[in-house]
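Two complexes, one shared chain (subunit A), two partners (subunit B, subunit C).
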Partner chain A sequence: MTTTSPNVGQTFETVGVGTSASRKSLGRLIIIAGTLLFAAVLLFQVLYAAGVSASGFASWRPVFYAYFLWAASVVLGQILIRGEQGQRAAFVLPAVFFTVALVIFPTAFGLYLAFTDWNLSGSVGRRFNGFDNIVALWNDPFYWNALRNMVYYGLAVFFEYAIAFGLAVLLNADIKAQRFFRIVFLLPFMLSPVAVSWMVGKSIMENRFGPAARLARLLGWDNPAFFTDPWIARLSIEVMDAWVFIPLIMILLLAGLQALPKDLLEAARVDGASPWQTFWRITFPLMLPVSITAILIRIIFKLKLADIVINVTSGGPGGATDTVSSFIYREYRDRSNVGYGTALAEFYLIAIVIFITIALLVTTRWVSRYSTARAVDRV
Partner chain B sequence: MASTAVTDDRRFESLGSQRARFVATRILIYGVLLLWAFICLFPIYWTLTTSFKSAPDVMQGHLVPFVDFTPDWKGWRSLGLSPDTLFETSTVREEFLKRMGNSLVASLGGSLLAVAIGSLAGYGLARFPYRFGPMRNNDISFFFLSQLILPPVVLAMPFLVLYKELAFLDSLPGLVLVYTLMVLPIVIWIMRDQFMSIPIELEEAALVDGLSIWGTFVRIVLPLALPGIVAALILALVLSWNEYFFAALLTGATAKTLPVMVASQTGSQGISWWSMAALSTAAILPLIVVGVLLERYIIKGLTAGAVK
Partner chain C sequence: MRIDVYQRLMAVQASRRKFLGGAAATAASVAALGSTGVLGTMSRALAQDSASLRAEILKIPGVGMGSPTDADWQKVGEMCLGPTKATVQEGEFAGVELTFMGLNNQNLHNFLFRGFLKPWEAYTGAKINWIDLAQADYNPRLQQSIATGTVDFDIIEMGAPFEGDTAGKGLLDEMPDWVKAQIDMDDYVNYLKAPVGTWDGKTYRITIDGDCHTFAYRTDYFGDGSISGMAAVPTTWDEVDAVSKAVKGQKDPLTGLDAYGFLDPLKGWGGFGFYFLEDRASAYVKHPDDKAWLFDPDTMKPRVNNPGWVQAIQDVMDLIAAGAYPPDQINADPGATGFQQFLAGTGSMLCWWGDIGSNARTSDTSVVGDVVGFSINPGAKKVYNAKAGAWEEPAEPNFAPNMAYLGWGVYVTNRVSGDEKKRKAAWSAAAHLGGKDISLWMAAYPSGFQPYRNSHFNYDEWETAGYDRAFIEDYLGSNADSYNHPNAAIEPRIPGIFQYYSVAEDELAKGFAGQYKSAQETADAIAAAWEKITDQIGRDSQVKLYKASLGM
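Let's turn to the complex of A and B:
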């Protein structure tokens, strides 16, 4: 990590603290010592794990500690060697070292796992099996079924968005007890999905005594069953997930509505536009960037959907409500094969990254073209 | 004369219809608001009241305590939390308190660690120009934020294997690390947004007065950034308190958290409604209190940087 001369908007021009030669060499010494220690501990344990040497640690924990000691030595060394610049780097370096150790490394390790056959409860241990997992994935109808379900769940986001937009507009209107409604509308987002699974999925939607079933019978549905028909089951899961996450979209949209230029809306009113016209011609177009952000954030959360499905239906009936996460979870619980499970997960990650990247590119271009068109319009 | 009267009449009439429309709109607005408030509150109400019902009350669909059923401590007694069992020994209560303690330690530990690391990174990214290979500040920020899209399931199994080797399986420190990495992207994003909104002049003055960069950060900037820190901490706490997926895979008898306990009750022993309701109520109550008292900070945290 190097710091350059200030060229980003808000930056400091500060007087560099002089770094003497002795401080610099001390800094280098610390980094070298830290690196050597980390390398030595790593080598010691690798040799032990590989069966080359007879002595070693009981677990890899010391290597983990040595990594953070090394990271600390690098930060300290940077400060000693580069003074002011080093102090600046020290702000962001902890997050970088943490992320490398606990996000990048496990993800990369997962890529390696994806090419192995490794049953954690078996005695064989891990075996490299090349592309076998990928071939199995390609021929696994349940995995593709789960992916297809993700598309359905993803499309449902637009309905959630419509409801959330309506609620945000109402909350933004001149109403009494606004704070009360805002708190109440936010509450479902605070609740744990596991508790929601029981509260809604297993008790309110219970077929015999649940209030939802009673209501359904009242409305003429004789034998209400919320989790037996594939489409109704999917809908029930979606309703619960929407209940939890609509507040998130609503809060984002509400913040956007409150940031709208008041004079523009006032001008439209004075010119005699009806509220309906004002909404579609002014509010909605101006809200487009916020809307896209909210929808993307919501889709990102939706792609992680698992807890409710695991706890209410376990993917049933016949995989109709399965999400990719819940499917992999069950796959691991049933067969404890981390190799195949990781292959499925990494494939899913790559699919998500491609999808989100395309979505970001398309929407960014779309928004910029749209706003230039509107700017031309106004001129 | 007559014509004036007619126009007056008409004006009066249109004023009246306008008024009627205004009232109708108001009724519609409040009607929808109340309906949605009902949708939000009913499951919570249902869970709370069910924890005081006995079996017949559940089956007959009684809804209003004291009116159509007599509240009973049944659910809470099964947790050892009713007035008459509170001072007796109860294994269920011990189990419950242990899980709650685990949840508290894991979510508080993870959130505090994430806020510590994330505040530093957020400040650095808001103030100093970095260059890491081809990556500039915006790229580095995006790199951190992009970890949000990482589904837990991708990290879960590598963590299972790595934690086994590190002897972190079924341990609270292990869970703290997982929750830290889970909320770190959001914390960095909120804190960067917060630091960017603080005028830079104050820091420049402090630097001129001879404070170091770190001195300025600790003594001048951090106190000003307190609302952002609280917002980030609360949001991180909520997310990690509710976390289930990692906890279900990575913990067992010792480090199991409250959501895992709630989930394990639903499947096994049929459905004993009252005790499940009491357990669910106990699990969501802290968050409802937090939501009601600290709603402002949660909204601040959720909207940071999303709305420009």
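Let's turn to the complex of A and C:
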């Protein structure tokens, strides 16, 4: 079904028909001019940066301006050449150019850097070093320690999911002040993890005067220390991170619960199913697709965990709370090891993409089988 | 200070400024003709005026009057504008914009500079834009600017260890002669004179700080009947460690909370945390006959895994095993250890920069002002001779104060070199911050900086300002004794020095958490990581620069 009136469509068509040969030529000319200008400026600066040419710009900013002009010329040219089709493209093209500039180009450039030896304090600049960084990564115990920690943090997502599901069910129930509680439970997600690091990690959990430490003493823990024992430190970091992000899972699950068909739940109640049976045999299976989406989104967030760790423990004690991102942060920032730091980041990105792809394939297949099995069960 | 008193002071200051302005043109003649006749009278008048100014600025806000505020910094900046007015006309820098990059530690550093420079901006007409950085962000920000050719600051607050990264790469502007005269560089303590601040014979640095670590201790932990059981303050590391174990389980005589001994900051701090292991290690490894103590100067082979360094690491591991540190010490930020632990009454001994001394009696958060003492860093009863490859046991303990960081300085970058007006403005602003009189105030009050001029050790000035004579002799004496120590451990000004420190922090953290089997294994891991960094930066150039920094 379409909501576009024929007249409106005709108007666009008229514009399309009106794309005369001269306008098309003008469009092509604009695109060619923009492209040539960008290519020339880029080549000019690349040759200068490579030391081939003696003249060039003081910075890469003119290249950016040329790129912007090129993008504008392509958009304008498309409109002139393709009429309505071009106008439609104009909605998408800016996003494409933006993504190319800020995602694709940096990723590709990063991939190049990953194969270089580039220490900012080095007596010589960037040097191609083949697979040296990958070999170093393979033999780097700090990196593998951080990866192992990511497994622990990743597994904790399932506990976060269980808590979030409980809260979502609670907030979906017919309780008093439902809206108030929904907002209250969402508040931690609105806080910056950096603020949480200081408010919770450095203040509430401060071992001398922090309220959490005082409470722990009241409960009989003589010298409460939340970041000294490796497992307690990991748990403390996990608690802070979970506190921030459980509301995200909760809100996704709550949306899923509210979209469940009410007739199924009522039928179950009429048939005499207990609340637990209703949850386990109807709500939970129906929520599986939403659950998997929520868990995967949360795992992606979890794999980026860095801010709380950097602020509270710097990865300690002895790397017990280190994450891949916080380790890369030290390697790149504190040690100015740009080539190796970038190699770590690119390797991690590829590993995440592979992991998420496999996880999606496996879970999709599993949900499909589970649903089929439940259907057969019901029959 | 009451407002009417302050206004009277400002009136005095105004007349002094007029006098200085008139005298400026003849200042060179005064120096040339000596102190005879009319010029001699003027010279004496200037000296008296300077003494009066120094006495007055030390009263702002006054010892025991709480932490200084921005208004105080501006007052001090205004009162110390004399040298600027002698070299710069009012409004001379109108339209000039400068960018200043520095730190925001403890709400000091750049915060002070802003206050000090506000009257300078009002007088000269220049405008300063500020880049504030946390301590841990400083090194990466600087390195990235250098490596990517995006130095976006005209003036930078920088430590001497970074001179290899900046001056060595031609990024700094050479100091004009008029600045050298204005800031009286001859007044610097000896270890901060050339080659520190210079590169290839050219001077680049206006010193505003003189860094070294000294030993701060609580006097109420020692003496007859004290909880440590020691009559005298420990002077060697084995005695320090014995105290740490002895006071475990007892109560602090000042706060009533649990008592603790020495506070080793055990957590990384963007590389700066390694200085605290150096405090212990320098006593064991800095041999009086050998200037080098971190690397072998001929090969850059790390010495960090020799028996002396291993002993220092072992000492810390033993204290961790004995439970001698406060809970969560392994996760305490070093800054918190100095300012939120020691000054707040947790722990009884600490090695730190001089600002513990200047804060002890002037900071609102300090409770130990009346029970704090100072000396040079503890020594060791044995010292490892790296050249001979053997321990030695000298008749007297081996002391080797750690000249950690060599102090902050203000440098001007070559961004201003092509514009004489901007260049003069940048150097004038830097010289204002590094002036002789303003430096006294920075040494006396919480500023992040410690004494660095011979004139800072005039105890009479401090006593007049309201400091207790015994306290100030103790505090300043520990600095002076460290600066002038014949076996001081001097930091090498080589590129990437903080990379070495940073990776050492990571390995030490593993060692302190028990992930390495021994102190030796921990030290070996640090040495291996340091070798990689040296190879990456360039061994030959590092050898050359390391030798140069040691004066070899």
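One rule holds for everything that comes next: the second predicted complex is superposed on the first by the 351 of 379 C-alpha atoms of A that agree within 3 Å, B and C clash if a C-alpha of one lies under 4 Å from a C-alpha of the other, contacts with A are read in each partner's own complex, and residues count from 1 in each chain.
Here is the rule we use: a residue touches a chain if its C-beta (ideal position, glycine included) is under 8 Å from a C-beta of that chain, and two chains touch if they have at least 3 such contacts.
Please read these numbers as outputs of a predicted model, since none were measured by experiment.
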Subunit A residues touched by each partner, larger count belonging to subunit B or subunit C: B
Contacts of A:228 with subunit B and subunit C, given as first, second, both or neither: second
Contacts of A:338 with subunit B and subunit C, given as first, second, both or neither: both
Which superposed partner A:316 touches (first subunit B, second subunit C, both, neither): second
Contacts of A:121 with subunit B and subunit C, given as first, second, both or neither: second
Partner chain in contact with A:330 - subunit B first, subunit C second, else both or neither: second
Doubly contacted residues of subunit A, that is, touched by subunit B and again by subunit C: 59, 120, 208, 332, 338
Residue numbers on subunit C that touch subunit A, as the complex places them: 136-137, 139-140, 143-144, 146-147, 149-150, 165, 257, 267-268, 270-271, 326-331, 346, 495-496, 498-499, 502-503, 506, 509-515, 533, 536-538, 540-542
Touching residues (chain side subunit A, partner subunit C) in the complex: 59, 117, 119-125, 142, 207-208, 223-228, 230, 233, 312-320, 330, 332-338
Touching residues (chain side subunit A, partner subunit B) in the complex: 1-8, 10-12, 14, 17, 58-61, 64, 84, 87-92, 94-96, 98-99, 102-103, 106-107, 109-110, 113, 118, 120, 166-167, 170-171, 173, 175, 179, 181-188, 190-200, 202-204, 206, 208-209, 211, 214, 243, 248, 251-252, 255-256, 259, 289-290, 293-294, 297, 300, 303-304, 306-307, 310-311, 324-325, 328-329, 332, 338, 341-342, 345-346, 348-349, 352-353, 356
Touch list for subunit B against partner subunit A, complex: 29-30, 32-33, 36-37, 39-44, 46-47, 50, 58-59, 61, 63, 117-118, 120-121, 123-132, 136-137, 140, 144, 147-162, 164-168, 177-178, 180-181, 184, 188, 196, 200, 203-204, 207, 212-214, 217, 238, 241-242, 244-245, 248-249, 258-260, 262-263, 266, 271, 273, 276-277, 280, 283-284, 287-288, 290-292, 295, 298-299, 302-303, 306-308
